[in-house]
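Two complexes, one shared chain (subunit A), two partners (subunit B, subunit C).
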Partner chain A sequence: MTALLEAEGLVRRYTMRRGLLGRQVELRAVDGVSLRLERGETLGLVGESGCGKSTTGRLVLGLEAPDEGTVRFDGAPVPPVGSAAWRAQRARMQMVFQDPLGALDRRLTIGTQIAEPFEIHGMAGAQDRVAGLLRDVGLREDFAARYPHELSGGQRQRAVLARALATDPALLVCDEPISALDVSVQAQVMNLLIDLQAERRLTMLFISHDLRAVRQVSHRVAVMYLGRIVEEGEPDAVLRDPAHPYAQALVSAIPHPGRTARRQVLQGDPPNPAARPPGCAFHPRCPVAVGLCRSVVPELKPRASDGRRVACHVAQGEAMGEAA
Partner chain B sequence: MDDPLVRISGLRVAFDGVPVLRGVDLAVGSGEAVGLVGESGCGKSVTWLAALGLLPGKAQVTGSVVLDGQELLGAPMPLLDRVRGGQIAMIFQDPASSLNPVHRIGRQVGEALRLHRGMDGAAARAETRRLLDQVGIPDAGNRMEAYPHELSGGQNQRVMIAMALAGRPRLLVADEPTTALDVTIQAQILDLLATLRAETGMALVLISHDLGVVAETCDRVAVMYAGLVIEEVSSARLFDAPAHPYTQGLLSALPPLDGLPRQHLAAIPGSVPEPRALPPGCAFGPRCPRRASLCDEQVPLLVDVAPGQRAACRILGADVPPAFGLAAA
Partner chain C sequence: MRIPPLVALALAWVVLMLGVAILADAAAPYSYTALDLRARLSPPIGFGGTWAHPLGTDELGRDVLSRLVHSIRMSLLIAFGACIIAAVLGTALGFLAAHFRGAVEHVVLALVDFQASMPFLVLALSVLAFFGNSLPLFICLLGLHGWERYARISRGLAISAGAQGYAAAVRQLGASPLRIYGRHILPNIASTLIVSMTLAFPEIVLLESGLSFLGLGVQPPATSLGSMVGYGREYLTRAPWVLLAPSITIVVTTLAVSILGDWLRDRLDPTLR
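Moving on, here comes the complex of A and B:
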């Protein structure tokens, strides 16, 4: 069986002008990302702001067209954006964003908004289905008559999830779905995502900056840095023994009470995507970078020892015999 | 604590008659690092804004905030002006909106030096440079001429910290200083705060929603819920022996880093109550797995439950079997 979603070599460039009369600068938000999502699997995509994780999500959904690369959904290429075929396919792929209030229309009741996908995609029996969806996401049926401002943050995110599930999608892209919620409510929404994923055999792309949350919901995790995936593997394996120096820093940055070992603090700021360092983009901040890292871009490939996919010359043992 | 640097007692704040702080007691000793945690709306930021007289005029503030034997609530403006920045400095979540976008950062740090230490000219410039250096701004001499938009979020937060240090405060109140920053930058800023505290001996109040961040940085943690401190505990005991059901709930709602993946988290049901519609008695009651009838009778007070640990839960002292759910801790 083919994977539900296959993305190959996705590149997304933006051009921006520096200053009033400045020359155009090219910014590669996504720089050669390949993803494979098996049916019923959740892939967690982690990275810091500006690493291209949200753009990757938008490319996968076809909300933006890639400059290079292809996205195949259910074995077939995604139709051109805006075409009828694309619109029909969109019923099978849905998304959830960080800010539920921004995603809901404040002047429409929750019930109307959950029923809207049925109208758009010409499906019957909206009223009964709305009640069922509300139950599925843990809201009472009478919430259908309420307006977004009458709900708490967690309830709003549940309503957004109910609307996303209305067309019974195969793929759900969640972009920081819990970041705007309080700690106790985050746990509720993560539980709900785990349940929905298992019950409906949903395939999920879970985008987050929080490694803890990613471990909680994902079967696999991909770490992004400046437009590229630098490491990919099982969440527990990556958390226990991160191979890429950047993944090591991310794991080390997770606050941990009673920590005895000193935290590894990365020096410097996240680099500017418009001025991408040559070679490995991480080398200016990397504690183990060698000469090779400054000139050659490392490829994401399985490591010899255990098959972990990592894009690092040092972790791959390609930098042997070179002084740091 | 015998002689704390700051003692907040019975602090109450109401906006338009709606209570948001309902009698907060908190003491911070000299050189101590205290964490203040809780979910949005619990009053953790309002506590310090009220203490420093930074709330809008419509806020009704009562209670007492004593710094070095001096009452700050209702104190005359000139005294507050000396305290704010000079004795107690505060930094906020979003450094970009705290800095003036049209002035160079060196000038903004220099302004704090002029206000609080009467420095001018070359002396102020030299001290600005030293402060920027101290907070880890690379190439401080040239960066003094930069505008806030030319710096990254992490560097702007460092500038804010430099401005806060300019008045040589005895207490730095950091309100979610790393929430808007990336994870690796958050680690840098927490590291910097710990280093500065060791160097200068100032006390630190770290306000955060992140139990991990607070426990790692602070000696002692106060947990707030619906306008009250409901538990006060050493960071060491916070994770090992939390007493209040809310604290226990917050801890078990954190995704673990080991054990079976994708298991259900013990989420706290429901959500934080609205300040204008608080339940009677313990505000956490409706979400609490150990709620009993005595919980609804009166608002619980903070009492000692172990050496160095206080909790506001009437179930803990009383010999009442849990109503449902969790067994006694």
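Moving on, here comes the complex of A and C:
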């Protein structure tokens, strides 16, 4: 059986101009990302803001066409954006947004909006199903008559989730679904996502900058830096023993009660996708970079020792010959 | 639902104006062209006038009240017609630009800039000079006035709604462009468009009076509020009522429309309820 979603070598470039007469600068938001999502699997995608996580999510969903690379959903390429086939396919792949208030139309009631996917895809029995969906996401049925601004942040995100689940999609992309919520509500929404994923055998791409949230929901985790995946593996393994220096810095930034020492602070400028350093994009901030890192781009491949996929010369042991 | 007293007053005035416009033939005591040469420039009641002409008469002895009633009909027809044409045209072009981007957007924006930079009087003069004057043409011509504002507003708001937020969310649900624009974006930006319309309404009334005064708008013997002001100007010192009656009507009507528009915007927004 093929994977539900296969993305190969996705590249998305944006051009931008600095100033009125400035030169056009090419910005590679996503630079050769390959992903594979098996059915019923959750992949967590982590990285700092601006590293291309959200763009990857949009490319995978087919909301934007990649400049290079292909996305195959259920074994077939995703149809061109905006075509009738593309619109029909939306019933099978859905998205949950970071800002639930922005994602809801403030002039329509929650019930109307949850029923909208049924209208769009010509499915019957909207009213009964809306009540069921509201129950599934833990909202009372009378919420259907309310407007988005009358709900709390967590309730809104549940409503957005109910709308996304309306057509019973196979793939759900969650783009920072909890980062706009406060901490107590975050846990509830996370648990809801985990329950729904297990009940409905959903395939999920969970995009977040919160490593602990990703660990809680994901079966596999991928760390992104400047448009590339730098490390991929089991969440527990990656978080206990990160192989890539960037992943190590990320993991050491997770606050722990009682721990004071060993927090690794990254040096240097935050990355700028318009001026990508040659070689490994991380080398200017990397504490263990060697000469090879400045010239050769490391590939994402399984490490010899334990099979962890990592894109780093040092972690792969390729830099052994040189003295660091 | 509670209606504030000011809004109730404005609503009553607009309803009265619409009633007068619809029932103009029955509401006017005389024909608007009927002369009463023995009672030329007779003052209104309260200033020495008689009940025969409650608002007085003009220089030809025509009853000001009757002319006012017919002017209201004419001016409302022109102003509402032109407002609606401008709003529909501008919003449609704005949505087209926002949806297709690229070349279509450049063409629409070029048209918008052309319209905004071209003195409207020049355009009006040339169109009326070439095609002659008729009421439907005149309404369509005034409908070209101000469409660029709706185009700019609707394009900007549609783009921002599409880049992030509810329109993007509905799009990725698989909705057709018709549903996205008709069901979601249009109701959401309607409040801004309505306010824009209530601002444009007085402008169109004034533009119509300006053109009528130049002899390019409503042609005598037909009458409008603007042409009444224009012709009454000559008698401002001797018979100010000829000019004041239509002027006050213009001011109160435009004010009422503005108040109503403001209230309507708040009512249409569920978050302000």
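Some points to look at:
In the analysis below, the second predicted complex is superposed on the first by the 322 of 324 C-alpha atoms of A that agree within 3 Å, B and C clash if a C-alpha of one lies under 4 Å from a C-alpha of the other, contacts with A are read in each partner's own complex, and residues count from 1 in each chain.
Please note the rule applied: a residue touches a chain if its C-beta (ideal position, glycine included) is under 8 Å from a C-beta of that chain, and two chains touch if they have at least 3 such contacts.
None of the values given here were measured: they were computed from a predicted structure.
When both complexes are overlaid on subunit A, subunit B and subunit C end up sitting side by side without clashing.
With both structures placed on the common chain, the touch criterion links A:A253 to subunit B but leaves subunit C unconnected.
Residue contacts after overlaying the shared chain place A:Y147 against subunit C, while subunit B stays out of touching range. Counting the residues of subunit A touched by each of subunit B and subunit C gives the higher count for B. By the document's definition of touching, of the two partners only subunit B reaches A:S184; subunit C does not.
Of the two partner chains placed around the shared chain by superposition, subunit C is the only one that A:R87 touches, whereas subunit B remains out of contact. Looking at the shared chain after the overlay, A:T203 reaches neither subunit B nor subunit C. Shared-chain residue A:F97: touches subunit C; no touch with subunit B. Of the two partner chains placed by superposition, only subunit B is touched by A:I194; subunit C is not. Across the overlaid pair of complexes, the angle with its corner at the CA centre of subunit A and arms to subunit B and subunit C is 80°, in steps of 10.
Nearest C-alpha atoms belonging to subunit B and subunit C sit 17 Å apart in the superposition, given in whole angstrom. Shared contact residues of subunit A with subunit B and subunit C: none. Listed in rising order, the residues of subunit A touching subunit C in the complex are 61, 63, 87-91, 94-95, 97, 99, 102-108, 116-117, 120-121, 147, 149, 160, 163. Considering their complex, residues 164-166, 168-176, 179, 184, 187-188, 269-271 of subunit C touch subunit A. Residue ranges of subunit B in contact with subunit A, taken from their complex: 39-40, 152, 154-155, 182-188, 191, 209-213, 215-216, 235-236, 238-239, 249-250, 253-258, 261-262, 264-269, 271-272. Those residues of subunit A whose C-beta lies close enough to touch subunit B in the complex are 48-49, 152-155, 182-188, 190-191, 194, 209-213, 215-219, 235-236, 239, 249-250, 252-259, 263, 265-267, 269-270.
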